[in-house]
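There are two complexes below, and they share subunit A, which is joined by subunit B in the first and by subunit C in the second.
And now, the complex of A and B:
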């Protein structure tokens, strides 16, 4: 029963990974690509594969998994299936944190810069939790559409602040990444990948502190306390975990929307809301979605890169509608 | 008889409205107490206060000989539980998953087998076995009420606090609740119920306390 949900995404991921490594401006027959990968020599194909394509493919997978997990966690923690790091402004908060770190002289792709991205994301979560807090109540009523609108406003505000910072600065490092706020995986390097992987693992460790107790957040706060768990602590831990995951992605690839919303939403319709199954399956499909989108982004038009956000919207929205319609008819 | 929980000289209010003043109540081991009274008189607030989920303004609350503030949330979860009258869930968990929330306080301390056995028993007690894999949000209100009760009983706390447990139940299922409550009492447990349901109250026996506005 459980394994059946894993088999399909694992097969699809393997196929997508193979195709993604083989496809690109510099290509060859499957056999040539395979030997170039194994030999790791000075041939152009081998150099491109090892220095550009492999880190990029791995980065796309990690980013997809991380954003998808962060979306699933935020939906769980805010009791709202429409919560998403990009919509609520958490990704922008992360980006703002990173840009400020770069302006302060930290290096792009460094761990300290990524750490500032975590702080930026947490700052955005703190604002949205604070603003939506009900008067006199212990916790915010985050299950409403109004909550999502507050997030939309916050996102617009932070994006504005980010825009002003980027256009006002003369810092070359910050200026060169201004296009990055639209989201791109093209800046992949092994060094950046290492930083992303480190933060990804850190995020997983934080989530593992809560594990299936996260499911309790579907209940009212007093019902959670009756069961002996502390809802504020659960939410706080999930906030830290998801901020780390968002920052891990955002600090190298910028703000990528859609993945954090549609993947967990669609997967929840199929496997149910239990985080035990939802989190790993959503992570797998999230990494497939971003991997395929990024491969299309760099190969669809010869010698030109399409923004990955465009591709994600084109692939993601029909899948999303298809799952919704299928669900409604069943 | 030994006292399990006692509230003394308590003032209980909701918002700015004082509902109960200088209110005292003792709950013995192996006993059933039913709170009756008109709507809005403060039954639910009293129940939540005794569960430790509504702060008292004056007075004290003790459970098993200690002041409530001396317990951690985890310790309290093994001593008392509260069953609301309506089911809330932000996501469509299955009946099995939702009922299993009740195992949170002790899940880590028992074997997988014992855990599964307890879960199976409580699902059978409340006639939920055939609904196990259905979403709790797709159930009728009577089925949802049984799910809440099953979760509450699975928690295994000594003091059961049940808020209007039979409002949505038909006769045959009321008898199930009645049996489960009396079984809990006979095992030495304490039950505190708020109810309007005359037949249910009569069938239960025990003490009746009327709240007046």
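And now, the complex of A and C:
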């Protein structure tokens, strides 16, 4: 049963990976691309593949996996299918943390800057948890719409803070507002990829600490305690894990919405709520979604770069509304 | 255990492929600054408006035309993009690039020059309702269009076309390039519009204005050859495929990415011929696309710069 769920995404991922490595502004037949990849010489195609396309493709996969994992974790943590890092303001929180770090003189893509992004993400999670918490239980009885409204308010507040910071500075590292709102994977370098990968691994390690107990979060807090686990500690650990995943992605590609929402939501419908199966499958499909979206972003219109956020928003927002309407009516 | 060892291998792999180094080569950047090109003054043109004339120029490159006509004393306001040596005393009446009705009316103008794209329209309406005359000047991004622009300004200022100063101005328009160099021998130049390191380049392309300058200065605008519309957000790979031998930038564009180091760190740039040899020409922002009395000298300087980097 378990392997069945892995076969399809692995095949799709392999196809998407092959396709996105083969396609791009510097064109070549599949055979030429393959030779250029193997040779790794000074030809234009080889240079483009090794310096631009490969890091970008790998970064897209990593970011997709990280955001989707974080979404799945937060949906479990908050027991709410609309918990998406971008919608709740965790991504913007990371962005705010990062912009402040950059303005303080840290370098874009450095580990210390990404660390500040993690702090920003944690700050946002703390606010969301604090506001939606009722008698020790997080959001169990907060309505779905109410939950999203807190996210709207938090996002608006952070957007305001970011706006002020960005307009008050001429620091080129702080990037443009469209980077922070729509995201782009075009800045992929091996260095940035390494930083994201390190944090991704760190996030995975944190999550794996409580992986066996994460399923308990579907229960009420007193039931979790009866079963010998500490619900607050469990949530805290998962919050740190997801903040690390979101922040590391955000610190290189900006805020990318909807991946953390639609992927885990759809996967949960298919594989069920068991975290042990949900997390890896959601990560795989998240990888596929961002990889395909980014390939579209750079190839849909010849030589034109479309922000990946616009593509994901076109796919994601109708699904988001559909889920919201379904939940509110129920 | 298996997961752990897999992660270790992945990590080692990533670290192993770390950072390809850019070979150190002699940098060759040429910057053409506003200070190096004065606005020529062709005399003092006679306007039949007489002493009452007070002009605010919000049209692209309009202010320096007025200065060239010897009417600097009549110029009481300008837009933020109109900068030139000796502009210090003329107030800027726009808020960033948007017209501020209050600031315009505060300088008590009698005539305002605008482009069809000048806005917001609400501000222009307020100014109009205060009884100030607003004249539209064609927005020109080519050497060919400069005559129409000059004539529109001369007419708006009620200067006779036979006025010797107006004649001198019209005769100063640079002639089309007559070089016999074939296209394949000309260096390829790409004009990139950069604002911050958001990872997206806007390529000048056809009609950006820089295409006209590059061609007049004896280069080939590689962007105009591949893109039919101006200011296209370009993928890094498309830039590599275009492979320009020289990059043309606005001075503030280069500053906004953190100088040459920041420029070369942008994805794709270091894989182009221009990136490998670090051949970059920068021109002060308002000078580059003004298409006014300084443009002739700018083309000369640009031509020398392109030859020097060839």
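Basically, the second predicted complex is superposed on the first by the 297 of 330 C-alpha atoms of A that agree within 3 Å, B and C clash if a C-alpha of one lies under 4 Å from a C-alpha of the other, contacts with A are read in each partner's own complex, and residues count from 1 in each chain.
Criterion: a residue touches a chain if its C-beta (ideal position, glycine included) is under 8 Å from a C-beta of that chain, and two chains touch if they have at least 3 such contacts.
Computed from a predicted model, the values in this text were never measured in an experiment.
K.L.:
After the subunit A overlay, clash or fit between subunit B and subunit C?
P.N.:
By the criteria stated at the top, subunit C and subunit B fit after superposition, with no clash.
K.L.:
Does subunit B (first) or subunit C (second) touch A:51, or do both, or does neither?
P.N.:
second
K.L.:
First (subunit B), second (subunit C), both or neither: which does A:187 touch?
P.N.:
It touches subunit C, and subunit B stays clear.
K.L.:
Output check: A:43 vs subunit B and subunit C. Expected answer is one of first, second, both, neither. What do you get?
P.N.:
Neither subunit B nor subunit C is touched by A:43.
K.L.:
If you tally the residues of subunit A touched by each partner, is the higher count for subunit B or for subunit C?
P.N.:
Subunit A has more residues touched by C than by the other partner.
K.L.:
For A:227, decide between first (touching subunit B), second (touching subunit C), both and neither.
P.N.:
first
K.L.:
Is A:219 touching anything from subunit B or subunit C once the two structures are fitted on A? First, second, both or neither.
P.N.:
Touch status of A:219: first partner only.
K.L.:
With both structures superposed on the shared chain, find the angle between the C-alpha centres of subunit B and subunit C as seen from the C-alpha centre of subunit A, to the nearest 10 degrees.
P.N.:
160
K.L.:
Using the superposition on chain A described above, determine whether A:303 touches subunit B (first), subunit C (second), both, or neither.
P.N.:
A:303 sits against subunit C, while subunit B stays out of touch.
K.L.:
Pick one for A:80: touches subunit B only (first), subunit C only (second), both, or neither.
P.N.:
A:80 sits against subunit B, while subunit C stays out of touch.
K.L.:
For A:35, decide between first (touching subunit B), second (touching subunit C), both and neither.
P.N.:
The answer is neither, since A:35 touches no partner chain.
K.L.:
Please provide the least distance in Å between a C-alpha atom of subunit B and a C-alpha atom of subunit C in the combined superposition.
P.N.:
17
K.L.:
Under the definition above, what is the set of subunit A residues touching subunit B in their complex?
P.N.:
Answer in residue numbers: 76, 79-81, 143, 213, 215-220, 222-223, 225-230, 268, 272-274.
K.L.:
Under the definition above, what is the set of subunit A residues touching subunit C in their complex?
P.N.:
Touch residues, subunit A against subunit C: 24-27, 44, 47-48, 50-53, 56, 108, 170, 172-176, 178-179, 184, 186-191, 193-194, 197-198, 201, 204, 298, 302-307.
K.L.:
Using the touch rule from the top, collect the residues of subunit C that touch subunit A in their complex.
P.N.:
Interface residues on subunit C, with respect to subunit A: 7, 10-11, 14-15, 17-20, 195-201, 226-227, 232-241, 243, 255-258, 262, 267-268, 270-271.
K.L.:
Which residues of subunit B touch subunit A in the complex?
P.N.:
It is residues 48, 51, 53, 73-78, 80-82, 84, 88-94, 97, 101-102, 104-105, 155 of subunit B that touch subunit A.
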